[in-house]
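Two complexes follow with subunit A in common, the first pairing it with subunit B and the second with subunit C.
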Partner chain A sequence: MKVKKWKLAVFLLPCLLLFALIYLIPLCMVFGSSFFEWRSGGVFRFVGLGNYMQAFLHDTRMHAAIVNTIIWVLLQSIVHVGIGTVIAFMLSRKLRGWKVLRTIYMIPNVISAAALGVIFLNVFNPKYGLINSAISQITGSAFEKNWFFEQSSAFMTVTWSWLLYTGMIIILVLAGILAIPGDLVEAARIDGASEMEINFKVRLPLIRTILGTSVILAATSMLREFELIYLTTNGGPGETTLNLPLYLYKTSMTDNNYGYANMMGVVLILAGILTVYAINRLFRMNEADY
Partner chain B sequence: MRKQPAFWRTLRFLFLGFFVLISIGPLLWIVMSSFKTNREILSSAFAPPTSFSFSGYEAALDLAPIFQFYGNSVIISVLSTLLNVIVVSMAAYVLARHKFRGSNFITLLLSVSLLIPTAALLMPIYKIMMTIGLFDTRTGLILVYAALGLPTSLFIFKSHFQSIPKELEDAAYIDGAGFFRTFFVVVFPLARSGLATGAILQFLTSWNEFMFALILTKSTKVRTLPLALNYFTSQFSFNYTAMFAALTMVILPSIIIYVLLQEQITTSMVEGSVKG
Partner chain C sequence: MKKLLAMALAGVLMLGALSGCGGQSGSADSPSSGGNSGTKVVEVDFPTHWVGVSVNAPWFQERLAAFNEQYGDQIKINVEEIAGDQNYVDKMKVLYSSNSLPDAINTGGYNLIDSMKDQLVVLNDYIDDDFQKVGTDIAWEVNSRDGQIYGIPYTRQVIGYFYNKDLFAQAGIDKPAETWDEFFAQCDKLLAAGITPLSMDTADSGWVTSLMLGAMVGQTDSGEAFMNQNLPTDYNFPEFVDAVANIQKMFQKYTTSDAVGGAYENAASNFFMEETAIIANGPWMVSDFYDETLVEPGFADRVGTAMFPGGVMYNSGKIGFNIASKDPETLEATLTFVKFLSNEESQQRMLEITGDIPSMEGITSSEVKPLINEVIANGDAAAHCINDFQSLWYANVVDEISIQYPLLAQGKITPEQFAKALSDVAAKN
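Our next item is the complex of A and B:
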């Protein structure tokens, strides 16, 4: 069946227009203007690699944002995915109530991150928060640590708000484990392998690509993370909890320094591509197992 | 399955229990506190309310137009989902079924969007919406949200269209149906499970999105529910009851919908991440 060209074009056009408006034109603007000094009030002049030099050689806030973002990407890829995988393996034995647990673990991931941010702001509130009240109750003396806004605890407290909430990873890995053909596990069991050995030597290698997908999701989510920081510490105290998306937001929306913000956009995009490529290689995502 | 020793079972129980506690403990505490008075909240975090009062809810609705935010969220999420499903499914159908010069290039181009951390495009999207007059409008947010889900929807729809037997379409053509009719009357209904998967993910994305709503809107007439919270933290600085009530009103619908539709949502999420 041969379809006229114009009919195909009519079907493709709306999608291509939407793509051009929200991705392609912005992408060109980001790359192009990253070589310009561009501020509100009509300042627009070519500075070559000036923005990049400034960012990597002199801007200490930028250094802090990059270091924090890298730490969070690594923590999320290793600890977050690790915890989620362990829980998924426990649930995969289908003990009583495993579906209820799966639902409960997912709940923090289905409410909006904005709501989660405000909830944590209350949970860690120094005066009436859940954490300080619990500590006061146990020790018997008043405890008033300001978790989000003290230098010593801010980074850890912000990290808490996403590191331990692994519902999405649990769902993915669990689906992977449950899709493993039963005869493979049965064969290992007949050969006398213990449950632990089956987990490590049969199941884990078989869900390699799903693990890779999970790590990609976890790592790239940290290149997007915005609201949980914006609504709690807003990057502070100082730049203790500043990351790239938040610094980009502040640079463009508060300082109106558009060229510099778009330079950060380029850094973010390149970091995203590099991250996905590295994880793809690490987990050999494009090779089949069987 | 062999029984594990008691030590391991206890350890597993504590491990899983800890994560249950941190997953729903804070939420239950928020809901409980929304019925307490300000003084009760400050005097003890754990004590249940002495009397169930809805004064926090009244105060919250007085202080912020929460129903307006609800309405905006519903309108924007529903319309952006419809737009996404219609526009992306048409393109996905062409790319799945009809090979022509450049079709692989278009697929590749569209999938590039999957790699971009959207925060990187924040400033240009803001500028574009300002220029074309869609800043602080629902239409602007609907367009941006429909585009955010474009790559995921494209992959899901494409693979579903490819799984439909081609003979069904050929039969429709022989019966005299044209290209457009065949798509909307024959193909569209056959792919509905795939379309539903994409639609669910798209709806969740739009419903929870915060950053673009923050930069692309400024009046309460168009702002969405996640932003309402941003507004609460400053508005209610000293009215804790109202803040807890507002939080409860924001999180409860999402939780109820998730619990009711969880099988479908879970399947969508797995399919969306594996394909996307």
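Our next item is the complex of A and C:
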């Protein structure tokens, strides 16, 4: 049945209007105001590419935020997705208790970031935290490392608060593995392939698009990561754990420099588009295998 | 029929979406009719952080009930609860950027006047000589810019430090130090007695720590002038760098292991549990000394008050209520509400309930806890009266303190670099 175009338009209109009001118009405002010096107190003047020049040529804090963001995107895309994939493959063997384990891995994903921040601050507390207490018990001497606030360990400790919690990746990859037609695996088995070879040469290539989706989710989550850093280190010590979203927030809310903050917003949006495009190309997301 | 239903559904969805975006609820701009007498009830929007565990929450609830009893048939206060003063300040900034500040604002001392005064009401025409008495000259001065009044004071800052008399006695200390050299000698005595001398923090602007920092800066005339300067931009001067060097020493030698990264709550908890001997803070903390869910029975009797060495006390005005009403009728109602919360009776109840010192001179009460009177007496006797950094420094400088303190504590930066970092951030404004 052929649907008339005007009817399609009428049904799409509510969604398009909402999109325009909530995303499109603010996006245009963010993009436009990134070329202005816009501060509290009524300061609003056109500066062209001034904000961008300042950010990329002179602002060392911006450079640190970009580097940290890139490192976290890479770690999340490779290590986080890698760990989740390995666990998903282990669970796909459906050994005893696999459903319980799958649920356990999801628990950190259902706890709010605010609660997680408080939990991690307590776990890594130098005075009474679980980690230091355990080390003190094992070594028999007082251990009071300040994990979140020593420059040598802050980045790693913040990274720990999300890197290992791969519940979402496990669910996605596991669903992909379980959806692989049994006859393909059976054929490989008849051809004499070992279980390891089947995993690497049959299952893994066949879940390529699922892996791509997982990497997109993981990478873009790091372009949006804010709460856990804000609640634990607030970007410190110094700039050790500063990332772009947090720097944007601080520039807007404490520097009251809205134009510069919106420039960062534009950088983040472009970084997101570029990341998604690159991952789509890398994983050939628009090609189906079966 | 199906087509008609589908079209109607699409229409309803669209209208729903639009009405959700454009709806107004309880707008302060549109006075509504109400009340039994048929008189016009003007609505006033007042977001507040005096909620939940805030020490001011009981006072606010009491005063709001009293206001409603007196003015409830004419003015309706729309209270929006926002937990945490920092969240409150952030929300005000968002509302400012969209030109939609509420009618009445109270930040609890954070200075939003300088960044938002273009949207605040200048109050000079609404303050008569009689009402002027709710605050001392310095209290009004802190709330004014270039002779224009942007805030109505209701309280003032009087801050020194508290010490544990038992722990002092254990270390052989008989009275608080009068000079900073003596103070550090006492810290060494406490350490020698196995007692951690100081409660400190770094998170949320490192309130407790920064009070010590400001007190050290303010012990000279020029330092005192700096600590009373609005929005300073240059922190590279000897008094400040020397004070930062002392703070570095305090972090490295005289405080608990959870000070770096810890918030006020950690610092207070260490003092309550008698793990530290000294904490800098204001008299609003006194009510906690009697709260047996926080401290051992009789703890308050073991606490003494002191002014900072060099005769320094935080003793100054504090940012009060700001008003941003946009029409005369709402402005009048907002002024009635704010003046009610700032009047003599409200200030007296605040002193009794929270321990906050009134901005009006001469308010006393027999219900006030003795330690609060000691703090007031210390403030009156101080040789150098300074204002607190949260009221006067740029918000981004206050935030920068939190992320530079850990580096300072670990010796990753020098006091000079700390001062430069604050100056660099202040220059961004």
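The rule we apply is simple: the second predicted complex is superposed on the first by the 275 of 290 C-alpha atoms of A that agree within 3 Å, B and C clash if a C-alpha of one lies under 4 Å from a C-alpha of the other, contacts with A are read in each partner's own complex, and residues count from 1 in each chain.
Definition applied: a contact is a pair of C-beta atoms (placed from the backbone, for glycine too) under 8 Å apart; a residue touches a chain by one contact, two chains touch by 3 or more.
Everything numeric in this text was worked out from a predicted model, so none of it was measured.
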{"item": "Subunit B versus subunit C as contact partner of A:N146, first or second or both or neither", "value": "second"}
{"item": "Which superposed partner A:Y258 touches (first subunit B, second subunit C, both, neither)", "value": "both"}
{"item": "Partner, of subunit C and subunit B, that touches more residues belonging to subunit A", "value": "B"}
{"item": "Partner chain(s) touched by A:L18 [first = subunit B, second = subunit C, both, neither]", "value": "both"}
{"item": "Touched partner set for A:N234, first subunit B, second subunit C, both or neither", "value": "second"}
{"item": "Which of subunit B and subunit C A:I210 touches, first, second, both or neither", "value": "first"}
{"item": "Which superposed partner A:V123 touches (first subunit B, second subunit C, both, neither)", "value": "first"}
{"item": "Common interface positions of subunit A, toward subunit B and toward subunit C", "value": "11, 14, 18, 21, 121, 127-128, 252-253, 258"}
{"item": "Subunit C - residues contacting subunit A, complex", "value": "6-7, 10, 13-14, 16-18, 21, 90, 93, 96-97, 114-118, 202-203, 256-258, 260-261, 395-396, 398-399, 402-404, 406-407, 410, 412-413, 428-429"}
{"item": "Contacting residues of subunit A [partner subunit C, same complex]", "value": "10-11, 13-14, 17-18, 21, 40-42, 121, 125-128, 144, 146, 148-151, 233-239, 250, 252-258"}
{"item": "Residue ranges of subunit B in contact with subunit A within the complex", "value": "1-2, 4, 12, 15-16, 19-20, 22-27, 29-30, 41-42, 44-46, 86-88, 90-91, 93-95, 98, 100, 106, 109-110, 112-113, 115-128, 143-144, 146-148, 150, 154, 169-170, 173, 179-180, 183, 204, 207-208, 210-211, 214-215, 225-227, 229-230, 232-233, 240, 243-244, 247, 250-251, 254-255, 258-259, 262, 265-266, 269-270, 273-274"}
{"item": "Interfacial residue positions of subunit A with respect to subunit B in the complex", "value": "1, 3-5, 7-8, 11-12, 14-16, 18-19, 21-27, 29-30, 83, 86-87, 90, 93, 101-108, 110-115, 117-123, 127-130, 133-134, 137, 164-168, 171-172, 175, 195, 210, 213-214, 217, 220, 223-224, 226-227, 230-231, 244-245, 248-249, 252-253, 258, 261-262, 264-266, 268-269, 271-273, 276"}
